[in-house]
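The structures come next, written out as structure tokens.
Look at the two complexes coming up: chain A is in both, with chain B in one and chain C in the other.
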Partner chain A sequence: MTEMVKQMGFVFNIDLCIGCKACEIACRNENQTVSAVKWRKVSKLTDDTYLSISCNHCSSPECFRVCPENAFTKRGDGIVQINSNLCTGCGLCISACPFSAPQYDPELHKVSKCQMCYPRQDKGFLPACIEACSTGAIDMENLDSFCSREAVSTIPGFPNSRLTDPSIVFYPAKKRKRYFLN
Partner chain B sequence: MERCLYVPDYLHHLLEGLEKGLQGICDKLANLLSFPVIAIDPLYNLLSSSNPENNILVEYLDDIKIEESNIYKCHLTFNNDSLQGIGSAIIVDGKLRGYLIISCGEISDDKLLQLNSIISYASLLCSLELRKKFQIKQERQHFKEAFIYDLLYGNIKKKDEIISYGQFWGWDFNLPHTVIVFSLRDFEYYSEDQHFIGILFYAIEKSLIERNLKPIAMKKRGEVIVVFPLHESEQVKKRAEVNTFVQHIINQVDKANLSSRIITGVGRACANPEMIFRSYQEAKVAFELGQLLDITTPFFNDLGLERILFKHDLQDLKEFYFHILGDIEENDSLHGGELMRTLENFSANQYDLTKTADAMFLHRNTLRYRIKKIEEILDKKLDDMNVKLNITAALKIRQLRKF
Partner chain C sequence: MEIYRNACPRNCFASCSMLSYVHNGEIIKVSGDPKHGFNQGRLCAKGYAFTQYVYSPYRLKYPIMQSPRGSGNWKRITWDEAYSIIIDKILELNVRYGSNLACGYNKFSGNLGLLHYAVEGMFNSFGPHTKPVGNPCLISGEQAIRSSFGQTVSLMPEKMADANLIVIWGANPAVTNVHQMKFIFKARQKGAKLVVIDPIFTQTAAKADIYIQVNPGTDGLLAHAIAKILIDSSLYDQEFIDNQTTNWIEFRQYVSTEVNITEVSQETGVSIEVINELANLYSFSKPCVTWIGFGIQRNKNGRENISAINTLAALAGTLQRGKGGVYYAHNGLGDFPANLLNHQGPKHSYINTSREININNFAEEALKLSEPPLKFLWIASRNPLSQDHDFKTWELLFHELELIVTVDLFMTRTAELSDLVLPATTHFEDPDLNISYWHQWLSYNEQAIPAYFESKSDLQIARDLTKKLNELSPNFSNFPYELEPIDWIEREITPSVKELYSLKSYKQLLDGPHLRNDEKYSEGSTSMNFHFVFPKKDALGSEASTNVIEDYDSYPFKLITPQSLLRIHSQYETLSWLSSENDEAIVELSEYAAAKYWISEGEKVEVYNLNGSIAATARINRYLPKKVILVNQVGKNPINQVIVHEENSNIGKSSANFYDSSVNIRKWRD
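So, the complex of A and B:
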């Protein structure tokens, strides 16, 4: 049975992300996913800002609700897992998720998704994406106790999150200053 | 100078009372002051009384403390007679956890200031007693919460396992259960709202115990989740059972000025305890949509088209809305008319002229004129079923505040 209830989530700083896709590559390398399966995706928000998202381990996951096989579970630390033995690859979770986090694996005919590298976390390591990010744009916090005045729950370009309550917070892009040398 | 280390006898008496908990403190204080003493929670429910057979109720508590003291004035009722009383707040860890009330009738300010010290001391003892109780309860709740969490997120896949774990806490998972989510409108995590969620949780637990139910409830950030057992077999009665419970909670928290902020959501009833997680997710969907649609107690079962529209692509919904009702909106903004409001009411009253005219306090002919005008603008007949369907869907999109 679950021992301690908390909600781990990603903290993403828009200003620090340079769109290098190191997180995306580290994720694929760590989890050995096939080319069609992208648990973490980096997309361009504006000309000079990027967004890197994966499964947000929502507080009210829609994938969870619609799965006819009850293949999803949520660990005590808030990580939403999918049991591939139970998954039939029906794809209902893919269409239900506003973030397109569950990915269909055409080779296994099953759905898989980011599991926040819980095997690494259980050994005391950070998830691969966080460790690979050279600018520190992605981080991880217990959102039940996380408090920051500057952090916001959503940003323009992020899908509507009201229904699922995703476990991610953002540091939005700040207005940049220009300095001149005399 | 020699320090005086003498401890008055009455403090000894009160401390002796602490051995018997709140009851002991009330008894000893009542003996000392020769007035009935009661302890109540923040929602004015009786915790303990020096005369349990005399049912004294607290009606109203003045918000303002009496100057230079920690005492509040209050109005009490006893056998339908109105009485005056004084009370002191019981504070645990900076949070209000109840009041200690003395039914002393009218009292002079001098006498009141004399009593201030002893009442404050007694309420401090009550705080110690309540703190002890909370600590024991929190320890028990810790184990319960771990199980309820697993139940709400489908982490226990075997029905027998859930039933046997449930028996440990006296919960019968052979009965059908439904999940009810309670929260506060505009909840702010880092504010006083956390304390209010505590009060809500307390009111829910108390109400369940009053119904002879062992509470299956937990707090989770800004919400209180209740797994509610349904004893009735008929659908209508089940619904009434849930409605009565929710209404009772709203009435209970009214004393803490929370009733206008309470929002709820109710999932579907599930006979299989493995499926309780689904009921929880449904309750959360109902909870979100209920806020947008202004439904006091939204049941997931009642939500139809809204469920699909809420999740649909925003751009597509916008296009659909303006395609169906864009002309009416434009006409209203140009001429300041009320055609959109009329159409909303017409749709809400099942496109029935008489019902709509009554609801809008309009003459039937005025309404008929407006409907004709709407038909002209839309270039469609409102008695066509497909037109009605499109308009209803467009109005629901508007209601869901999609733009």
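So, the complex of A and C:
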């Protein structure tokens, strides 16, 4: 093996995310996806927190397992790719993925998804979503070696992920003081 | 692929510098400009959607005309035809009335680039005409700042990162000033506390270490109560008060006789313990910055509320260098000659000046004009029929107007009701110069692509129109139409601007934005003189202080209409990338109100008062005060239909009171 195998993944800090959607639209700006195709989505996690997720480039990707055309591959850095030449648009991956990462493109009749901006990464740039995040809420690390006492592998509201082992870790929200009107 | 440097011209704190990536004359991507010290290489969601904005299928491509007005029976015309129609009307009105006072414009913040003052410049070039004065947005606060500080004050927003305590009163930067959040978080990472005081549990409030919900319009009372605690406990900066303030004795007397903590607690809804906690924070955490948001001045006591917060910041000893300070707005334009805005027109034989009407009461005042009445209205950089108020009066005004011309990029509600609509360019299609009302960076905006179809900038329209006008009626206008955009830009870069922004020529801005030389010009702050302003008795207070809806209340709810994340007022509505926020009106109401009116989540309801009504979808917000409702701003179904601003006596010196309206809600009946 010439290249060290690693698993790049996202590190998401709940406290730093203000739900501004810069990451979501920066992804569109970079990849010029059609309106129906959302590689990254920001949603409300609770009343006062947000979640920004894309493909989590799982260790055991269900898309990879269910695709009858074997269109999915996993790079040495852990990025899960889809080969659009092989995709027939059957949609099995869409129903299998717990994170709605594969997106059906109604114009091309094919599935596409976040590729962690590997063309940017290969040139030494950060993925567009991470570059766009002004508060540093999204970052990336090699999760094979990443170690943090405060980071956790899942949070309430995040889809059940035991099956696929998604490459994302979280810094959970801290408690705050709030004085509401009676 | 070529890369150009652009500057976002939106009515937004950030005025970001950006890069556009152009391939075969088309923008394929944008990014933030890493050389801009405020946005630091990043944009907001709206900024990242600019490729969709520029090439939106909804953009206007050609001049169009409809007849009759409002019929939707649009016909494409040439620019020459459009200019002829406009010029015929201007000349005919001039003959009919002996002056150009029957011609007027309404323009505000659709594009804040300095060259967009071409609209004002064009009208100035006709001699005396009818012009709007004042400012709907931030002038009440500016007046309050001037009365307290004797001048406008502007601190570098980047320096908020050095604070130990940040108190935000009525601002929601997580939505309206996204790039400021990183400086706030930087301070927090170093141990600073973030306190947010707001009637609404906003996205920023959710990030606060301490969030304090307050009844709307009662911020000033809260500030005075904290001041009283500081005075009673001698926790104030006596040396500063002795040396650098006036009116202290009178203020102390006012606080001791007029401010009752128990009463304030009841009116504001903030407990005495929390008022004490705030007093402790203000006196012991330095540097302490106070950020006064624009939301506070959207009611008739706005100015008094802001004065009260200023006073608290002074009393707590936060105004001296290194101790914190007050953030409100930066008077960026003040450094520049604004040659287009201040263009001097020709003299009229007997009319000395233009006829000024208050922009916050435009329709009503315009309708009252006589000798001559207003007959021709030019609307640019604005969508008053979505974003102004008192639409019934606007309709009456439109009825009296003989020609309405709107310059815009999209078919707004205002454009739909105009005679002629002229297509405007985006900022990628024309050069410009951009400053901010928040940070202190000066940016150059390069032309990156050719104009979209037949669109033109406000400046190009002014040049073409005045040139043609003078061909038909020599010397009618004195607009220097031969000047190119770049000539206007060079004229803004005066010797003092060069010194202030460390520039030899505007060309240096092509390599990156320049920062205002703040240090040199803020030396005066140590000799600043603070004036303790306090209101007349009962000028502060709230009508919404009781939390029970009585059956006799016809309009029990205070209406607040905040900015949406993915819009600037009605701008950006047609972009599918940004459409996740519905284009339908959403009314948020408290659980209490929902239960009382039997309204459930997602139900269609009517929001109404004597001025009008709109249909909206109900959403229950469990953090909302019982008697407050929130409605988003939607261009084609504007909540402003129910808003009528009550003009106070301070003409041209007061913001529009968008948050003073009371409304009721009921289930929708088809």
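Assume the second predicted complex is superposed on the first by the 174 of 182 C-alpha atoms of A that agree within 3 Å, B and C clash if a C-alpha of one lies under 4 Å from a C-alpha of the other, contacts with A are read in each partner's own complex, and residues count from 1 in each chain.
Just so we're on the same page, a contact is a pair of C-beta atoms (placed from the backbone, for glycine too) under 8 Å apart; a residue touches a chain by one contact, two chains touch by 3 or more.
Small disclaimer: the values here were computed from a predicted structure and weren't measured.
With the C-alpha superposition on chain A as described, chain C and chain B fit side by side in the combined arrangement.
By the touch criterion defined above, A:D15 lies against chain C but remains apart from chain B after alignment on the C-alpha atoms of chain A. By the touch criterion defined above, A:S60 reaches chain B but does not reach chain C. Once chain A of one complex is fitted onto chain A of the other, the partner contacts of A:N85 are absent, as it touches neither chain B nor chain C. By the touch criterion defined above, A:K177 lies against chain C but remains apart from chain B after alignment on the C-alpha atoms of chain A. Of the two partner chains placed by superposition, only chain B is touched by A:P98; chain C is not.
Of the two partner chains, chain C is the only one touched by A:A26; chain B is not. Once chain A of one complex is fitted onto chain A of the other, the partner contacts of A:K74 are limited to chain B, with no touch recorded for chain C. Using the contact criterion defined above for the overlaid structures, shared-chain residue A:T135 touches chain C, although it does not reach chain B. For the three-chain overlay built from the shared chain A, the minimum Cα spacing from chain B to chain C equals 21 Å. The residues of chain A shared by its contacts with chain B and with chain C come to none at all.
Chain contact summary for the complex, chain A toward chain C: residues 15-16, 18-22, 24-26, 28-30, 32, 35, 47-49, 131-136, 176-182. The touching residues of chain B, when paired with chain A in their complex, are 145-147, 149-150, 153-157, 165, 190, 220-221, 274-275, 277-278, 281-282, 284-285, 288, 310-311, 314. Contact residues of chain C toward chain A in the complex are 28-32, 39-52, 174-175, 178-179, 181-182, 185, 201, 203-215, 269-271, 274, 547, 565-566, 576-580, 622-623, 625-626.
Within the complex formed with chain B, the chain A residues making contact are 1-5, 7, 59-62, 64-65, 70, 72-76, 96, 98, 144, 147, 160, 162-163, 165.
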